[in-house]
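Here you go, one structure.
Which chain is which? They are A, B, C and D, in the order written, and residues in each are numbered from 1.
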Amino acid sequence: MLVVMHKQASAEDIDRVVAEVKRMNLTPHPMPGALRTAIGITGNTGAVDPRRLEVLPGVLELIRVTKPYKLASREMHLDDTYVKLPQTTIGPGTFTVIAGPCSVESEEMILRTAEFLMARGVRLMRAGAFKPRTSPYSFQGMGLAGLKILDRARERTGIGIVTELLDTENADAVEEVADIIQIGARNMQNFSLLKRVGKARKPVLLKRGMAATLEEWLMSAEYVMAGGNYNVVLCERGVRTFSDHSRNTLDLSVVPPVKKLSHLPIVVDPSHGTGKRDYVPPMALAAMAAGADGLLIEIHPEPDRALSDGAQSLDFTAFERLLGQLRALAKPLERTMN
Amino acid sequence: MLVVMHKQASAEDIDRVVAEVKRMNLTPHPMPGALRTAIGITGNTGAVDPRRLEVLPGVLELIRVTKPYKLASREMHLDDTYVKLPQTTIGPGTFTVIAGPCSVESEEMILRTAEFLMARGVRLMRAGAFKPRTSPYSFQGMGLAGLKILDRARERTGIGIVTELLDTENADAVEEVADIIQIGARNMQNFSLLKRVGKARKPVLLKRGMAATLEEWLMSAEYVMAGGNYNVVLCERGVRTFSDHSRNTLDLSVVPPVKKLSHLPIVVDPSHGTGKRDYVPPMALAAMAAGADGLLIEIHPEPDRALSDGAQSLDFTAFERLLGQLRALAKPLERTMN
Amino acid sequence: MLVVMHKQASAEDIDRVVAEVKRMNLTPHPMPGALRTAIGITGNTGAVDPRRLEVLPGVLELIRVTKPYKLASREMHLDDTYVKLPQTTIGPGTFTVIAGPCSVESEEMILRTAEFLMARGVRLMRAGAFKPRTSPYSFQGMGLAGLKILDRARERTGIGIVTELLDTENADAVEEVADIIQIGARNMQNFSLLKRVGKARKPVLLKRGMAATLEEWLMSAEYVMAGGNYNVVLCERGVRTFSDHSRNTLDLSVVPPVKKLSHLPIVVDPSHGTGKRDYVPPMALAAMAAGADGLLIEIHPEPDRALSDGAQSLDFTAFERLLGQLRALAKPLERTMN
Amino acid sequence: MLVVMHKQASAEDIDRVVAEVKRMNLTPHPMPGALRTAIGITGNTGAVDPRRLEVLPGVLELIRVTKPYKLASREMHLDDTYVKLPQTTIGPGTFTVIAGPCSVESEEMILRTAEFLMARGVRLMRAGAFKPRTSPYSFQGMGLAGLKILDRARERTGIGIVTELLDTENADAVEEVADIIQIGARNMQNFSLLKRVGKARKPVLLKRGMAATLEEWLMSAEYVMAGGNYNVVLCERGVRTFSDHSRNTLDLSVVPPVKKLSHLPIVVDPSHGTGKRDYVPPMALAAMAAGADGLLIEIHPEPDRALSDGAQSLDFTAFERLLGQLRALAKPLERTMN
């Protein structure tokens, strides 16, 4: 950390900062300059509130240097993390497509989707039994009955299940059925939930919050990892900005910095990112080109009859076309589809 | 709802939209114009996904008309809501200051703060026993022990308690102690939690999420009210924007539209809104002038030693000065301080 | 346009709106519904301020239907626009790379860059003689001397010149030298400048403003086209959001809606979009995959000695590597590099 | 400036940074720590591109310390600036209301407005002869004829004129008539225009750009001041965010940091900030409470017939009511209305 003093700061002001730093059990390093003094701080600064120094007299600014995440950081863990599942492995060099309906609507449609996916080489199906909905009057998912349907789909077809957990009440039930437990954007900073899945025996797919910085996102991954669960897959799904031509602003340019700062794999959800099915295929291709390790995509046997998010779901024909395009791009991008 | 067709849309395109609207159990009203056709839709549109129509051939745009919130809407409930507490009442014409430390740190500091507040006529104290922290390595609050301290503070001083609930596990304990249950910004769309406090016998202070539109915020209030708990106080605490001179961008201009669209009272939290104690008093005065019904403010006996958020906490002297300024403004603004 | 009335709106309120619409020389179409009345409006609504109706008593909301841009709209002009230059053509099916240094620094470096590009099949070079700089103390470009250098570079190598125009004073000089006149993000709504280049005989590359919606961007293109210059190339270069891991947030998901709503070609600038050279190649590939018609990329013979924007410039070796990757992607994406 | 190295950075990486810093004619100060090395940099860093260092091998991050603005900075100029006009003075302790129509529509309405304002003690009138409009098809202002009308209004009533300058072509004409030259939000980074008004003999009212940080805004003020014109009044008018309940998000919390970092006066424009006349009075009062030095407000004799921005204009009755409220607040806020 670095404390930058005002040009007019007095010697007392500087001494006060030095004393406060010591009181925080940290080491101050005053560096007088031509114009002003700066004070470097070393020690374990993770646990302190840096803004405490910012309001002392004579302080112009406080600058944090050390990243607060450790387990999620590439500095601490140079090698890429590969998340291993019974059905496949997610990580650099591969490209994993996770597809399926927004929500479980019936056993028939889930089975039909699972069989369709397995026949095309897609090994992971997404589908929500519990749905976070903006309105209390909207369809909230089939709940436990939906989980049972997903369980049967895996049993019959062998497909891996990615499904969302909304609260700790249903954690055991979801953990039982899911191959990957999905934490939604609205719960990215639901810390009680993050602690719970930090104890889970299944990998976690952690969506980025709508207003989350990269640092906050990695800190949420850190919550999961601090609980002992190192199998975290990040998922970019669009952030909220002034831009109104798409449902959210899909921040594909977060992919390269994620790869630089962290060792965790990252997938992209162009369905929520754009909110319109016509825009999903180009953004899916762009995600692969940007370096993502996979996709989370909404498909539906009959999108226009979907109970939720139909407008952003691809039908099977459009999805097959996209799969073909992804396969054609995988080779020049040196990726293996799985 | 209004479906706007392309200039080039064919008669078949229009028929297809009309049929789909009927299939959704709604009534279509085609309106041919000189340039293009628009199709009005009437019926209960709350339960359908409007984007389903948006992707049909020939559709240019889909425009929603009806607001999805009902119980929180002023259209359904013309009169202002007053939230009545044992200690005071929150609503238009009054101005309620809620003050206290970010977190419960010890019985001594809580008692000292409660006595200080009661002596100055402040009837509600905020303090967190459970703290949502970005980092898993930061102080997470005293938990149940903190709740007990708050309970004793009320017993001894008579002050009302506003304290945050983070998860359903601790809902009974918090409901027992709190006079107002606070739902934090990060949990504004934690729907399981909203449903739980919808069943609580205590009023709910619902903070606006960092990236929440006014409509989403009112929909979250609707979740609480749909559960039967009509005592909701909204709290603006800053939204996330590109602007980096303050911790968040305090959106004071949300106050007049809240008053127009809803009957619920609204308070403002300038401490989180600005993140810097120097900026808190001017924004507190501005909140009153903008029409807010009260404030949520962080104060601390010794801000520079606070375990969390010290930099945005006022000390007692600065808070007393602010109280005096608020009282001086209350008269010309036709508000009664309580 | 559609005026939505309050549930409680009186018959007088509705009559007042109807009268005001007529006073605006438009036609009102009242549509009584079960809950409320809506009033459709037809006629040429482009010239009126819709908000005038919004503040009448009983009005809940005013909804605009017709897009205000015409010449830039695909509805008015179904076929894609191809911008034809002496050196190449920009438009769908092709992929045009425009590369070069941020600013003209010397004749030697410009010639070296132009020769390098022509030898690799790149036919357009970007380089600024006039530089918009945030600080008045930063290098402001070589000005007219820089333009002469660019002119000589074209003469000797045949390369096309893309260079920025900052103000009407230098319009004649820039129009003389440029093959494409660049309008920067900060000038996207400098309407005097837009009107001037609407009279130019050279195509215009119009960068999106940092906070511009797609509609505002197309309206700025409309300014140029309304002056008679139909050769407009749009350029996405990142928008400003809360997200701080990159210099700007490159909004690649604007590409599909641009293609849907407009017939104009669009290129992407990943150099300004990301601000860091390491992130440029993945985002350049992603731009092609998302459907862009080309790239605007900063390269420099010695990026670490550049007078401006060195940190986001590729050196020649990195650029050649990227060109190879783009060529490998062009085939599966059915694009011809030019 | 501070260069933070990676934990794994080699001695060669550090030497390379040190050498590059020297090549930039700056002085490096390496500070080895337990975990990593940081390198402090002193010297005149204003003219260099810091990102040049950011891309060297082994560099984790580059942190800028010195503010790039000087003339606008309170560090360089401790005393508040008062902008003196023939009619009044703008600066702390006073509160200056500037009111008038969006655009000059006729001599009659301008005279009527000027007389109304002077009779109520308002000494400055705003009105645009040149209007920046998003659409090329909207009313663009009366131009030079409008300026003549403003000139006559001042002659007859003595009122001071605040009017917008859009381009250098009309600079002489506007400078002749205006008492304060207004630079609009869209031109905040039109550097040619800023340089021109830096040479003007009249004060400049500089609106904040829709996506401008405080630092960029002060840098634009610096452009004007670097030209020799120290009479700059800042004007907050709302920034662009995801929040859609108002036309823009009025960032009142910028007022305290402006006061801390700069000595320049600041006024607030709640008309553009909110875009709806109902919301203007509460935000005007809030601006005064937040510490602003004045207001820029749109009023119109007949708002519903205004040629531009009628929906955000107050009529004379509403404005008088607001003036009364402002006067009532001025006393407890220790401000003198002028």
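In the analysis below, contacts are C-beta pairs under 8 Å (C-beta built on N, C-alpha and C of every residue); 3 or more make two chains touch, one makes a residue touch a chain.
Just so you know, these numbers come straight off a predicted model, no measurement behind them.
Both chain A and chain C are touched by B, D.
Between A-B and A-D, more contacting C-beta pairs join the chains of A-B.
When chain centres are set by their Cα atoms, the one at the greatest distance from chain A is D. Our note on geometry: chain A versus chain D, Cα centroid distance of 38 Å, whole angstroms.
Each chain gets a centre from the mean of its Cα atoms; for chain A and chain B, those two points are 26 Å apart.
Shared interface positions of chain B, i.e. residues touching 2 or more other chains, are given as 211, 239-242, 278.
Contacts from chain C toward chain B in the complex involve residues 2, 4, 6-8, 29, 31, 33-35, 38, 40, 42, 60-61, 63, 65-66, 75, 78, 240-242. Put simply, chain A touches chain B in their complex at residues 20, 46-47, 49, 51-52, 54-56, 68-69, 132-139, 166-169, 186-187, 189-193, 195, 209-211, 216, 219, 222-223, 226, 239-240, 275-278, 303-304, 306-312.
Remark: chain A residues 211, 213-214, 238-239, 241-246, 249-257, 260, 273-274, 278-279, 282-283, 285-291, 325, 328-329, 331-333 touch chain C in the complex.
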